[in-house]
Amino acid sequence: MIEVQDLDVRFGAVHAVRGVSFAIAAGESFGLVGESGSGKSTVLRALAGLIPGWTGAMSLQGRALGPKRDRTFFRSVQMVFQDPYGSLHPRQTVDRILAEPLAIHGLDGAEARIRRALEEVSLSPIVRFRYPHQLSGGQRQRVAIARALIADPSVLLLDEPTSALDVSVQAEVLNLLADLRAARQLTCILVSHNLAVVAHLCERLAVMQQGKVVEALDVAALRAGQAQHPHTRDLIALSRDLDG
Amino acid sequence: MTNPLVEINDLRVDFPGPNGFVPAVRGVSLTMGREKLGIVGESGSGKSVTGRALMRLLPPQARVAGSLRFDGIDIAAATPRAMRALRGARIGLVLQDPKFSLNPIMTAGAQIAEAWATHRRGSAKEARDAAMSLLDQVLIRDPRRVYDAYPHELSGGMGQRVMIAMMLAPQPDLLIADEPTSALDATVQAEILRLIDRLVTDRGMGLMLISHDLPLVSRFCDRVAVMYAGRIVEEIAARDLHAATHPYTRGLLDCMPRLDAPRARLPVLARDPRWLA
Amino acid sequence: MISSDWLLSSEPASRRQAAWGRRYQAWLAFRRNPLAVAGLAVALAMLLMAVFAPLLATHDPGAQNLANRLQPPSAAHWFGTDELGRDVWTRILYGARITLGMVVAVVLLVAPVGLLVGCAAGYAGGWLDRILMRVTDVFLAFPRLILALAFVAAMKPGVESAVAAIALTAWPPYARLARAETLRIRDADFIAAVRMAGASPWRIVLRHVAPVCIPSLIVRVTLDMSSIILTAAGLGFLGLGAQPPLPEWGTMIATARRFILDQWWVPVIPGIAIFLASLSFNLLGDGLRDVLDPKQR
Amino acid sequence: MLPTVTRRALLATGTAAGAATAFLAPGIGPATAQSPPGVIVMAKQIDDITSLDPAEAFEYTGTEIIGNVYRKLVTTPNDDPARLVGDLAESWATSDNRIFTFTLKAGAKFASGAPVTAEDAAFSLRRAAILNKSPAFIINQFGFTRDNAEARIRATDARTLVLECAAPTSPSFLYYCLSAAVGSIVEKAVVMARAQGDDLGNGWLKQNSAGGGAYVLRQWRASESVMLDANPNADPAPRTRRIIIRHMLDSSAQLLGLQRGDIDIARNLVADQINALRSDSRFRVMPQRKASLMYLSLSQRHPALARPEVRQAIKLAIDYEGIQRNIVSTTYAVHQAFLPEGLPGALTEKPFAQRQEEARALLRQAGFPNGLEVALDYSSGAPISDIAQAIQAQLGAVGIRLRMVAGEMRQVITKTRARQHEMAIVRWGSDYFDPHSNAEAFSMNPDNGDNARNRTLAWRASWEIPDLTARTAAAVTDTDGARRVATYQALQREHQQVSPFVILLQEIEVAVTRANVTGLELGPMSDRTSFSGIVKA
Amino acid sequence: MRLKALGATLVTVPITLFGLVLVTFLIGRVVPIDPVLAIVGDRAPQEVVERARLELGLDRPLIEQFLRFVVQIASGDLGRSVMTANPVTQDIARFFPATFELATVAIILASLVGVPLGVLAAVRQGGWLDQSVRLFCLAGHSLPVFVLGLLSLLLFYAKLGWAPGPGRQGIAYEDMVDVRTGVLTVDALLAGDWGAFWDALAHLAQPAGVLAFFSLAYIARMARAFMLAELSSEYVTTARAKGLSETRIIWRHAFRNIAVPLVTVLVLTYAGLLEGAVLTETIFSWPGLGQYLTVSLLNADMNAVLGATLVVGLIYVVLNLFADLLYRLLDPRVR
């Protein structure tokens, strides 16, 4: 479904991503883990077409992705951002935010679709005409998820979708994502610094450090303590240490 | 222990909103000595407000009621001068993100030296030496370089060490650490918390660790107070946390995904309106 | 139907109710600043004066009576008469039309241009940004009044030229402001989200970026209205603004300033009018900033 | 001559007005500051100076200063401007009205101490002819050119100068022309020592002086000040050591300075300010009619304005007295002929007054029962803009609707010079003290084509007048002084009735001095204004 | 990084100046005033007019005129002014110091008053002091500067006699002090002439005061806005938690942080004063660049207009650059 080959991204003098490669099958959920500055979000944004000037090769369903993405790409790939406070337009109501992708793609039945989308992310219809600042963090992230899904994409990119949320809300959002994934057969890429979150949602993951993938393994192996790379082991240790 | 270090009795704090005052803290009572107390709660639970109320650092619009005592001193009645003598000298405050909580245009050393010099009499040289030694104590390997560095030149972990050094400079009796590590990477987080833990223990100070992260707090504190919607719902010794009784505390502990135990669905916290009563 | 409950409802049932609720909240916040409310009241009063000038006027604004020049205020002439024996009250009323008309015209010319140029430059970046910003640099590097003077001189003195000249000198700061705002939000996640929705750059700029810039632009425009009035008066003072017999306030001062001591009301009354109009816009803008653009306080 | 400069007219309107006196009632005002003793401080708008070289300067202030720094061969006394008197020349004569001989006075000296010789005089006139700057035509109209000046302007001995004109001319015409600023005598040795290339010292003389007048130019700072020091060799010696002319644009500033005693003489006060000072014993108000007119030019290209009835209707629609009395009571007088009062041959008759019925009838007669619309160009400073508005109202009353086109003074001039106006309010100052100066401008148009060489005011109005042109040209050569005057008066009477010029007003220059300052002499032309008698008690 | 940014800024300077020349030139060509008129006058014979037109090169194609002008400027020659008969460079050297002196004193006055007012207003946000500072500043900013100038002249000069009248210098000191810098106060000091110094200073007081009052509002407003932002920042909380006194927090911590953007505001305001004092210079008969530009413009003295505009533009650009540099110098974050 998605293939990334030798991806390199530079911002001026900063070499943010160095030769990252991975491949994801349709319906699979893949995690990217690393500390801040490891380049994991950059990989995701390059894949989403939000960053110009990368080198390497990326393809979606066998079709190579160029620097510019067309509308069909955005029909099939959508993203949920880390900060629900920053990813919703501060001057638009939920209604308007959800209507925008429908208008862009010329989809009809906007009214029904918006209502269904809100229902799908378990948001009460009363939030529909509210502004983002009138919503809680969890509600906002649900709106962001509803927006991502309203035009029925097949790939969902998740950039730290829960790290700005309280743990109790995190649980709700993670459950929601798991449900939606199952219901819609979504292919997901999840970027997170939290190993437990990645392990919860993904089957396979790659660990990044300083722009490189240092290790790729499946979750079962991770849970079984079969990680090889010292950085991965460090992360696991800390995760257990603090959670334990 | 004759006098408790901190005595908070029925603290209430309201902030003005567009439609009248909105309560942030609703009757918190708390006593602590020279111990390590964790205050845990989700965003908006009033934990930070409680900490800042103790130092009278809330914005002037805030309405504060109830009694706050530090080492027997009535915080609400203290003169501004007396408050200044308390702040820094006897109570230190470590804030969340050194990127914002350090003055961006003063060198790290100057900020530490200033904290020292404000409460101690001494020459500029003495202040500088004291700052150097403090940087050394927070385990900075190259104090000279860090002394002359500006905050933006320091990593998050370094910045937080500077912050701690600064707050320890006048040797306070109590350190309030308000989410001291939530802006940091996990690897650094642990180092900083261990550092705080060690310094506080060595000096026999009190520590009030304010955090949203219940497991983390419980590892470093003796006692944990769990706050929900402006009040304390449960106070419990850290080692007894697994036996917490309040459904909120229990919910917080359960709802996290775990690396060692995969779960198909995460238990979701069901908020009970009765908790507010 | 439109009650404060409806407006303040936390559960608006339509886009319209949500939008009006938001405006009402802003109004409630604005109302808390007495100076700003006073500014609004004066500005509105002037607007009404301008609109209903023919009804409120007691004389023909152009009617001369050389034998009756420079009369003090009286029952017949509430604000006295000017150097050609015209009624000052009437001319002030009609002057409000010209002054406010000029202000509105400048704003209508300048704000959209500045907004669009700034947003386009900021969003597109690259060569477009560089070219547009060099152009604003050139206009900013000009001595403002001199550019206006030169422009008016190049055309011919008059209201239209003054409007065009002021507009010419006024747009670069708007473009700069809009560009700065755009740069601030260009990389925000909510813009990335719209890009992810597949929106074209124009759609993003027009529907998502520009609306964010508008509040700070409104504030800037309101504050600038006073300087537009003052610049127009300055041009009038130098003889290049609105031309007599048009009763533009600045021109009225310019032609009557020689009477300031003996027949003080002739130059002072339009002076007060300018001061009040200018001050009202300043107060209004200051109050609006607190409401619309809190980060700029 | 250049109509007074642009912005100064705009800003001249003045502010503080005479009412400052209200503040400064005698005895209760603040202690008066004083200008230094032995120095006269004069406030004046001097930003029209572009050169102080007599062969080049052609503006009011420049020629005024030249008039005090240089002497000419002949001049006219201000108390009787029609009389010609010798300045450097002791006597002058002609036998055939073509060759003129001047004998110089003995003992006249330049500021340098060197005696004034006939060669200096010949050099000065040749220089003006050869440099051929703006005012040179005043001399060159007698047939001198770059090539023949050497031969036709000669010093035959130390005290004798011979001028050989191309054709016989009216002697008074020549003498009046020589009394203009361009006829000033410069010291050849000093000037030639500073010459650069073939500029005959023009570059240096722009900002320095080499004359024998009452004063020497110490310093000119453009748009700031002119400083004149007494010429030690002057005869008679000036009564004040130094005169400082400060550029003050704003008439109210001039007024305030005068009241405070910081300045001794204010030159640009406006009508209302002057009115307020008139009765104040601390000041002396000195009016002097200037050879300067304000008139309406009606372009004959405009089909309606080309109708004689329409022109006449306009002349009858205007309330001359009302405008003068109410708007410019002290600074202009009603005048309706092309020769300003004070010039030889000036006609003082005023045939026109406001007669609205007659004007309306004339319009009907011309076929405009519903009136007509015309554009009026005028400059935007006071008092012209006030006058323009009054005229707009008065013409409107008889059915002539004016579209008001305000502009910069120079803009209006540029437009009229390009014959692009329909109707314009313009000012015109005489170039030299002879009737021909204005007669040529107003009633000669030898070639009405667009590429004409001689572009007079009549040409600008597209007024084709072969007959008048010939008669006006003939008047110049009339060697009988009295007959010449009579000819000009007849020309003016006819001109008043037929011309497309509505002559409105004649300028009165008003200087206001402090009461203790005496001796300022204002002339009808600016080069006749004399500082040499000024003294402060 | 820093040098590169600086280099990029420096590259834009000539581009901006070129644009400035182009726009000025075009305006000069469309001004409906015949430039020849200013040289030869209204009455000169056609032959003299045409010769002058030829000398000015006005008969050439527009492009050629422009290129010739650019080449001439590039060689440092701004041509000769028709109005003053001097080279434009010499005129500017004479008029600029007057404007410089006026603007400098004005900006110093405005900052000395405006900055503390703004800071105090921010500290006492919402209080009566804040409101009165606000009203006072806005009122100053709402009054046409020529009205303010005239009223000041009437009050302080005519009525009270406290200040000397228009002009830069009393008659008694005219031409008494050697011109070295062109800035009269400095020249007087260099000459050791205290009388002349006080006289020059006294003449400065009114126009500089009027200009300062007008710019005060903007400076105070910006100071207040910056200060409010700083006072609500975390490091101020830290400083309070350290037990520092309010005075120290305000001036040592918050104020030093606003100093950087404030300097930028001041420098740009200063640039505005250098170029924009036309009306004040007119009212106070101040022989400065603004007046020179206006008069030249209205006389179609295009060499002078182009030259002076270019110089003013250059000053603006240089000051901008200076603000930029200062920003880099003062703020450790962008070093």
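The chains carry the letters A, B, C, D and E, assigned in the order they are written, with residues numbered from 1 in each.
Throughout what follows, contacts are C-beta pairs under 8 Å (C-beta built on N, C-alpha and C of every residue); 3 or more make two chains touch, one makes a residue touch a chain.
Being a predicted model, the structure only gives us computed values, none of them experimental.
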{"item": "Required minimum of steps from chain A to chain E, each step between chains that touch", "value": "2"}
{"item": "Chain whose average C-alpha position is farthest from chain A's own", "value": "D"}
{"item": "Chain at maximum distance from chain B, centres defined as averaged CA atoms", "value": "D"}
{"item": "Chain closest to the middle [Cα centroid of all protein chains]", "value": "E"}
{"item": "Centre distance in Å when chain B and chain E are each reduced to the mean of their C-alpha atoms", "value": "51"}
{"item": "Rounded Å distance between chain A and chain C, as computed from the means of their C-alpha atoms", "value": "46"}
{"item": "Computed distance of Cα centres, chain B from chain A, in Å", "value": "33"}
{"item": "Averaged-CA centre spacing for the pair chain D and chain A, given as whole angstrom", "value": "86"}
{"item": "Touching two or more other chains - residues of chain D", "value": "7, 11, 15-16, 20, 23, 252, 407-408, 411"}
{"item": "Per-residue multi-chain contacts in chain E, two or more chains", "value": "32-33, 150, 154, 282, 294, 298"}
{"item": "Residue numbers on chain C that touch chain E, as the complex places them", "value": "35, 134-135, 137-146, 149-151, 153-154, 156, 226, 230, 233-234, 237-238, 250, 253, 257, 260-261, 271, 274-275, 278-279, 282-283, 286, 295-297"}
{"item": "Complex interface listing, chain D residues touching chain E", "value": "1-3, 5-7, 11, 15-16, 20, 23-24, 29-31, 33, 35-36, 39, 41, 47, 50-51, 58-59, 132-134, 136-137, 206-207, 218-219, 221-225, 227, 244, 246-250, 252-253, 256-257, 259-260, 262, 407-408, 410-411, 413-415, 417-418, 431, 441, 452-455"}
{"item": "Chain D contact footprint on chain C (complex, rising order)", "value": "62-64, 66-67, 69, 83-84, 153, 156-158, 238-240, 243-245, 254-255, 257-264, 267"}
{"item": "In the complex, chain A residues that touch chain C", "value": "45, 48-50, 70-71, 73-75, 77-79, 81-83, 86-91, 93, 95-96, 100-101, 104-105, 126, 129-131, 134, 144, 147-148, 151"}
{"item": "Sites on chain B touched by chain E in the complex", "value": "52, 55, 57, 80, 84-89, 91-93, 95-97, 100-106, 114-115, 118-119, 150, 152-153, 163, 166-167, 170"}
